[in-house]
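Both complexes shown next keep chain A, but they swap its partner, so chain B is in the first and chain C is in the second.
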Partner chain A sequence: MKTGIKNFIGAAALSACSFGSPAFAQTKDCVVLKASAEVEQEVVNAKGEKSTTLAPVNKVVPGDTVVWTITANNVCTKPSDNVTINNPVPEHMAYVANSAMGAGSDITYSVDGKTFGTTDQLTVSENGATRKARADEYKHIRWVFKNSLQPGASAFARFRAVLN
Partner chain B sequence: MKSSLNRYKRVGLVCVALGSIAISQQSLAAGTSSTVTISNTATVNYQVTGVAQTPVNSNAATFRVDNKVNLTLTHVGAAQTTVFAGQPNGTVAYRLDNLGNTDQGYSFTLVNLGGDGFDVTGETARVSTQACTPGSTTAPAYVPGTDNLQVVDTLAPDTCRWVFFVGNTPVGTANGLIANVTLQAITRIAGTAGVTLQPQTGSGIADDKDNVDVVFADTGKDATETTAGAYIVSTAALAVAKSSTVISDPFNLAVFPKAIPGATMEYAITLTNTGGASASVVTISDPVPANTTFALPAYNGNVSNVSIQVGAAAPTFCIAEVGADSNTDGCSRPTVLGVETLTVGTPALTTVNTGGVATQVAIRFRVTIN
Partner chain C sequence: MQSLRFMAVAGAIALALGTGANDAHARGVVAGTSINNTATVDYTVGSVTSTVSSNQSSVLVAEILDVEVTVQTATVAVTPGATQKMLSYRVTNIGNGPEAFLLVINDAIAGDQFDPVASATAIYLDSDASGAFNSGDAPYVAGSNDPLLSPDGFTTVFVFNDIPATVVDNNIGRSNLTATARTGSGAAGTVFAGQGEAGTDAVVGTSTATSVDQGEYKVEGIAITANKTQTVVDQYSGARPIPGARINYSIAVNATGSGTATAAVFSDNIPAGTTYLPGTLSLNGTALSDGSDTDAGAFEATSPPRVRVQLGDLLATSGTKTITFAVTINNQ
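Let's turn to the complex of A and B:
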């Protein structure tokens, strides 16, 4: 019985790995992750009313702001629990303060990639002194979704970054 | 069972993805270089029925950094470059800065504006061979013969070049006149010897994030900058005047002497420079008045016959001998067109400085009335 449970755990763990070796059954990832880059565009309608929409990136030069959107979609028949999305801020870009969003998630950041915290918790040391980290010093963003992702459902994470 | 768990752990480590690494390029104040690919890959960790699953990576969302064209052309130095009438190669200096993120070339257009005092002639743009430090407002001097290039082939982002508007001031241009000019820098594709215009990617071209587009981000968004400059003429303006005084006559001696035969007259030739630059290599020639004879030396202890005084300073003296200047002091009385002519020049007289009456040169000599 004890042995049987161990076997069950072993088999379940192996089947979840996407890098299946020939000895194990191929199973798919339950979450499909998509990343996209867009820019905000101002749109004026026929009445002259202004609004903003997101358009795919095309002409991006230093100083421009890019909106990164990550979508996690549950393609399995069981819920995905404790969904956490990690996104390193792309090289040559600086995170825009307060721009990270993701409904139903707790968002933390990291400067060194190891310690994650809220904006109030992150520090850097400069010239021997410790100070609060600036948003443009955040190198990683993490979204921890509080609720399970139901089969067929999607979760969204988004942030903005400026091209250096 | 233990072995299968171990195998899972190993495979699990392999399955964890690292963040994507974009092409590494040094970040510049002008920004990330064009053509660099920006890439973003996210990772999701999750569990199914309490079991941690292999983390999943997103696609790598990418785009390439486009060419941001931006430049400034800054006039440096005096608001007006001082030139003298007839001066060749007067220069107005500018600093050209590439504020974009891509190497560019530049060509130049020169304009002599109308409605001002004068126009320089033979105007050309010349690029200095001296180093330029961004932000510097001290241009080097233009070196004719060395600074020959009239275009910039390649200028890297965050670097600058000194560029000169070079022109000749016409002879005879009056003191104080101003020539207003403009220099225009036009962005060119780097490496084309300033020949090929840098086009902007039009809106008619299909959007392609992986294409390196060109975006004009300069003032006016036309990849050119035009900046004014000016020349001002500061040249000598000499006024020559002549006056005479009766020094003595044989009857009244020095008391209210009259201009009668035998009387001694003193002539004073004054040179007054009311211009902005000193007059140099000045020589005066004055025919000895008819019916008079150059007097015997009466200056400097009766040694010299010409006195030269600048302003209120103590006079200097020379001896104007008949004929050639045998003592080479600059003063002589050669016969010119049959007339004895007093000539005063280098080294006795060389310069008339600016300053009006305060620096007026007075040349005095005496004659006796025949």
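Let's turn to the complex of A and C:
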């Protein structure tokens, strides 16, 4: 039957194609980013020695300090290069000076979200004069990791902010 | 009408007024607010650059319970047996969530000479928010109309006391007003789980969620009266109040009652439209120099200008103090 042969040819033609070509493939995200909030708690051991640990936040009141931690995890089989984490300082919070940390990264800040610089570079205009920006005026933090993130590895960024 | 003032400067220092700019301010973000943080990461795999967002990490703002009470009235002069003498206080919510406050008076304060007695209706709320007591203001009934204040909000509270008949001059009686957050109070950091705004926790702040301030009454039996008369003499030997005419003022000051008005000062503004005539100030017939010097009187170029005469301590037995001065009517 004519119809049957046509179908047969059609099916053969179908199987010759491959749907896995790179031009149309969906790549999954190689870096999974997680953000979490904690507070510092003071603990005293049996000897009376004090130390601090991080504990989950249940509630905050104005004046409290929150420790924000961002973790970037490479879930692919190839390295991720040029890894940069950006975190806007949450609304109603003020960045705590010198609290940003991230091993293997260069950290810069921004007041306006466009210009990033170190603490010595950032300025603001006030009453027509220019002065150094204060930590509580930083609105964005950026961590530029110097080395590639290897498959399965994680990079960490952390900072503290006080609730207004 | 010309203004006429005398001042009895009491020996005791009056309480500092709590009026003017409100120093208290609500601390921070409103309870129930969600504080959200989302980060992003840029990275390159081979030649492909991607940007990925994190989850949104959130914390919820709990409610702080904090209050401040400040007395608004300076020491109130009273006479023995007087009734319904008013003190006013400002109650401010310095927490970060809406809160109702319980109000309590305490008249049994140690260290004073008498206890004021709460009047039949002792506390009124400033229902019309005018800051002044008037007929529209409602009596306070604890538990029924506890003032509900938003963060940074305040209300004025009026307290009425009666003065015992047995007090004597210069006796001081003190009265406290306490405001306490209805949700709870106690040591700073005490948590009332789930009782904050929007179901958050309520946490007692550094005020311990209760605040008290003190008002004061002072018995002053002395009353001072001043009677002012004037005569007009114009340039043409008539009595017409025309430009250039002179007005001679004479004020008789008398003290009645018990006690002492300490360091009384007579002060009278030069009326608008007139000019003080130099060298016309006198006390009981003795001329006083215009300048501020060692004698009792002076003309002061204040705004408006005025004459001031120190009368010293006045008692009922001091006799009449007569002050005279003159002005000329200005050209219009």
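Throughout what follows, the second predicted complex is superposed on the first by the 140 of 164 C-alpha atoms of A that agree within 3 Å, B and C clash if a C-alpha of one lies under 4 Å from a C-alpha of the other, contacts with A are read in each partner's own complex, and residues count from 1 in each chain.
As a convention for this text, contacts are C-beta pairs under 8 Å (C-beta built on N, C-alpha and C of every residue); 3 or more make two chains touch, one makes a residue touch a chain.
All of these numbers come straight from a predicted model, not from anything done at the bench.
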Touched partner set for A:Val67, first chain B, second chain C, both or neither: neither
Touched partner set for A:Val96, first chain B, second chain C, both or neither: neither
Partner chain(s) touched by A:Leu122 [first = chain B, second = chain C, both, neither]: neither
Which partner reaches more residues of chain A (counting touched residues only), chain B or chain C: B
Touching partner for A:Asn164 - first (chain B), second (chain C), both, neither: both
Partner chain(s) touched by A:Cys76 [first = chain B, second = chain C, both, neither]: both
Partner chain in contact with A:Ile85 - chain B first, chain C second, else both or neither: both
Overlap of the chain B and chain C footprints on chain A, listed as residue numbers: 29-37, 57-63, 66, 68, 70, 72, 76, 78-88, 90-93, 149, 157, 163-164
Chain A residues within the chain B interface of the complex: 3, 6-7, 9-14, 16-19, 21, 29-37, 56-63, 66, 68, 70, 72, 76, 78-88, 90-93, 140, 149, 157, 163-164
In the complex with chain C, residue positions of chain A that touch it: 27, 29-37, 57-63, 66, 68, 70, 72, 76, 78-88, 90-93, 149, 157, 163-164
Interface residues, chain B side, partner chain A - complex: 1, 4-5, 7-8, 11-12, 14-15, 19-22, 24-25, 27, 30-32, 34, 36, 38-54, 56-63, 65-68, 101, 201, 207-209, 213, 215, 217
Contacting residues of chain C [partner chain A, same complex]: 27-29, 33, 35-46, 48-50, 52-64, 96, 200-201, 203, 205
